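Shared between the two complexes below is chain A, which has chain B as its partner in the first and chain C in the second.
Here is the complex of A and B:
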């Protein structure tokens, strides 16, 4: 009886969390899977059961393939720039030589993280403007006017322009996470390496990189999962256009539901996004269990 | 006992929080009050000037006349408005008074069964309802029930820079071939983009498509195809229409797919671009943004086209009420569509409206009056394309239009996708 009582207090503390998680996460999630089997409109209360036809539609939807391709591009570039570049940047900022400028530089790199993505997207709308945009003006200034183009209006460059903006915004956050990880690396390791005559590059690859392995895995998977969910940037900058050239899965889902009014298919797309991101989340959990945290 | 009490506290706090969440979603059912005040949720699509200020002033005026009424206003731009209103209707969270386009947009909203029927209200006050141009009710009336009060009227035409046309001895085109010749002449005269459009806005593409199809495809075919249950889109006129659109985009330059319609309008107003396909609603914007002297001509006749050569694309916009809106919202609607408001609106905004006596020599300028007359005299009216057909098909045409401009697709490919989507709709 006493043992049972001991369980009550933690359960009581967990009740609100369980309640809200259930209400706002798990029930809508189950509802979403359930909705994938129906044909229904945002305007109408009636639903028609259509079985697996929405899943069949998903398999032949060419926009899904374009969107998936764009999400993969997003993930690859984000991994390269947000994870590897951020690691280098963090190592540089933690270097003795740069340490005196580090506080100012950290603020500079971290500032975009604190600005709303909607504001940043509008800002970059001006940067990419083909007539008065900062980017084309800069290219003209340095004599590279032949490279100037309508960045967001060109089907080849639109998705890369969107990705570039995203990197600018997110690199600061990942850098800060790496800085925290680097600061946890025992100083003795660097001192011993210095005594042995190791240079900065060797210290980076032989000490920093292995010592921040856990942080790298986490950042890697957070970035990849984020790339599957990306919505705001392409939605505000290009709305997935021109045509479907900068479409991502989340924008396609939103457009299908709230523009084309096909809520059943939008639910199917949402399920796909969930499954993909859950898959990466599971990998993340698996990987973080294999390593050892300090 | 202590544990039982703490459990009760947790449940109580949780339920209070939940109650707070749920009460906010019912705010727009017309029963929300702040003290003795009736709160009316008002949602429109003009967060930009001068109309935002106009409505803000009118709200203040109405609140002064009705001290028991508080109006909560929200405004977002065109495309966002279309999406947001759908989210609101799907959550049964409609504002009490809100903007609506006519035709399929209005019909979709009506199908939610959450829109107030206005027949009785109109019959009770014929002085008010009878003062609105009768023909403009059509786009808001379904099965003899009217669900919206038309307010603005509109039409779409090519605006052209008179000075540039005169300097280069270019006559106003009377046919599509003459339009292409005029654009060639303008290009030869140094205008790299003789006509421009903000193709990032899907609706701007849809306006072109709707008009072009109306010129090249027989109207009876359009009526059949634009109905989801019978649409096939197999007429070769559609390919011809898309070819015409593609040809026009070749005169728009690289920038068109990277700018929006507002940027294109500013280019026209600054005298950088000689021709732009615009709504009469934009007359005042152009006049305010620059000092170009401009005229307009309807999308010209396509010589081998089988459609209507002189129809005018355009449809009214109006106001709708949520089914649960309080009586004060009806009064606010009447206030918004009164002759007095219409006169002030025409003076402040320049947009033409459906209220008799709203557009006169006193309230408007000769250019706007000319446009008003064109709308009233139009032989046939073609509704906005994205409101005339199912949005799935409209989306294929709109995204296809962008892809045509960037050379990613062909008219044949677009029509193949349209036919597939139409077949799916027919089978639903």
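Here is the complex of A and C:
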């Protein structure tokens, strides 16, 4: 009787979490796979079973290939800037030469992270505006007006313009995570290296990089997963256009479901996105677990 | 100690690079702020200049033309999301850190597994669930889903902190006749305020800025939060750029203020989070 009573509080305490995660995370996940086998629309409750036909559609959909390609571009550029550049930036900010300015610079670099993506996307609408845009008028100012173009209206530059805006927003966050990781590196390692006469670049590669290996790996996976899921930036700036040139998987999924009203196929696309991102999430969970053991 | 000339030069080059990057970040924000006081003609005719005539009324127009309602909707949704997330999350974290058996292991796995799911993937099923339960186009559609998607990370963060609370504290409290709830409410929660603050900031940032659910789950313009409301605002204004920019500034200021006030907790939270992955 006493034992039972002791279990009441823990069970009561877990109930809300189980309900929230069950109802809004796990059931939707299962339902999404289920939906992939049906033909249905936003406003009707009836679903028609269509077997694997939506999955076959996925395999021949050209837009999926364009979108996948853009997601990969997103991933590559994000890894270069948010992992490599951010690591170098963090190391520089932690260097004692720059200590004095580091707090101010840290806050400045981190600022865009706190700003809503809709504000940033609207702001970059002004930056990329073909007539009055800051980017084009800056190019004019420095005499490079032949480089000026309608950045978002041009099918070769649209996706890169979207990616550039994402980097502008996100580099600060990853830099901050690297700063936190670098601050945990034992000071003695650097002191010993200094006594041995090691230069800054040598210290960076021989001490900083290996010591923050785990943080680098986690950031790498977070960045790649984020690139598979990217929705807001291309949706607000270009809506996947012009043509499908800046389409990503998530924007394609959204348009298929809510504009073309093909919820079954949109669910199939969502399942593809899930499988791709879950793969990286699983690797991450595995890696951070093994990290805890040693 | 002498610094070789080579190091001095490279140091200055790096410093210029840092400054250039700071300008790239700050200038668009500065431009947004300055231009929010301009008229459309002035933005169009001279994009770089300071306003000749500071139109402070852009702010009152933006506020009265919709931003005020988006603002208070965002406050409502954000506040309830924070309260529910931190309360429910810390309760689960308490259980998951205090007990040890296979049910707890299963509960932990259940929580961590939640991190793998993403709002993008759940969009269509959630839309169906919220339609069936008649929650679509209400603030609860946002609050409930935001809470669900913030819980896994919040629980993991708070649990990591709870694990460091000394066992002796709760044992002596039990001796004094304190209930399990009392141990949670009077000991664990007060000790863990720093990590609770971190969770508050992270949740506030998420709920204030979330765009996808806010766009899809809310149709009525009068119920929209700032991120999705700004899109309605832009479409309604067309060329009144100064007013649109004022709205964007209003949407941004609360988060910047929050960042400045609570940044030390944020850094500490990031440190906790990066340890546990």
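The rule is simple: the second predicted complex is superposed on the first by the 276 of 294 C-alpha atoms of A that agree within 3 Å, B and C clash if a C-alpha of one lies under 4 Å from a C-alpha of the other, contacts with A are read in each partner's own complex, and residues count from 1 in each chain.
Quick note on the criterion: a residue touches a chain if its C-beta (ideal position, glycine included) is under 8 Å from a C-beta of that chain, and two chains touch if they have at least 3 such contacts.
Keep in mind it's a predicted model, so treat the numbers as computed, not measured.
> In the overlaid three-chain picture, which partner chain does A:253 touch, first (chain B) or second (chain C), both, or neither?
Only chain C is touched by A:253; chain B is not.
> Using the touch definition from the top, say if A:155 reaches chain B (first), chain C (second), both or neither.
A:155: touches chain B, not chain C.
> Does chain B (first) or chain C (second) touch A:261, or do both, or does neither?
A:261 sits against chain B, while chain C stays out of touch.
> Could you say whether A:92 touches chain B, chain C, both of them, or neither, answering first, second, both or neither?
Once the two structures are laid over each other on A, A:92 reaches chain C alone.
> Touching A:105, do we find chain B (first), chain C (second), both, or neither?
Touch status of A:105: second partner only.
> Of the two partner chains, chain B (first) and chain C (second), which one does A:245 touch, if any: first, second, both, or neither?
In the superposed model, A:245 contacts chain B only, not chain C.
> State whether A:137 touches chain B only (first), chain C only (second), both chains, or neither.
It touches chain C, and chain B stays clear.
> Figure out whether A:16 sits in contact with chain B (first) or chain C (second), or with both, or with neither.
Touch partners of A:16: chain B and chain C.
> Which touches a greater number of chain A residues, chain B or chain C?
Touching more of chain A: C.
> Based on the A-chain superposition described above, do chain B and chain C contact any of the same residues on chain A, and if so which?
Looking at chain A, the two contact sets intersect at 9, 13, 16, 20, 23, 42, 131, 258, 263.
> Can you check the complex and tell me which residues of chain B touch chain A?
Listed in rising order, the residues are 3, 6-7, 10-11, 13-14, 18, 79, 82-83, 86-87, 89-90, 108-109, 111-113, 199-200, 202, 254-259, 263, 391-392, 395, 399-400, 402-403, 405-406, 408-409, 428.
> In the complex of these two chains, what residues of chain C are touching chain A?
Chain C residues touching chain A: 11, 14-15, 18, 21-22, 24-29, 31-32, 35, 43-44, 47-48, 88-89, 91-92, 94-95, 98-99, 107, 110-118, 120-129, 144-145, 147-149, 151-152, 155, 179-181, 184, 205, 208-209, 211-212, 216, 226-228, 230-231, 234, 241, 244, 248, 251-252, 255-256, 258-260, 263, 267, 270-271, 274, 276-277.
> Spell out the part of chain A that touches chain C in their complex, as residue ranges.
For chain A paired with chain C, touching residues are 6, 9-10, 13-14, 16-18, 20-21, 23-29, 31-32, 35, 42, 89, 92-93, 97-98, 101, 105, 107-112, 114-119, 122-124, 126-127, 131-134, 137, 168, 172, 176-177, 180-181, 183-184, 215, 218, 229, 231-232, 236, 250, 253-254, 257-258, 263, 266-267, 270-271, 273-274, 277-278, 281-282, 284-285, 287-288, 291-292.
> Show me the residue ranges of chain A that touch chain B in the complex, using the header's touch definition.
Within the complex, chain A touches chain B at residues 5, 8-9, 12-13, 15-16, 19-20, 23, 39, 41-45, 128-131, 149-155, 238-239, 241-245, 255, 258-263.
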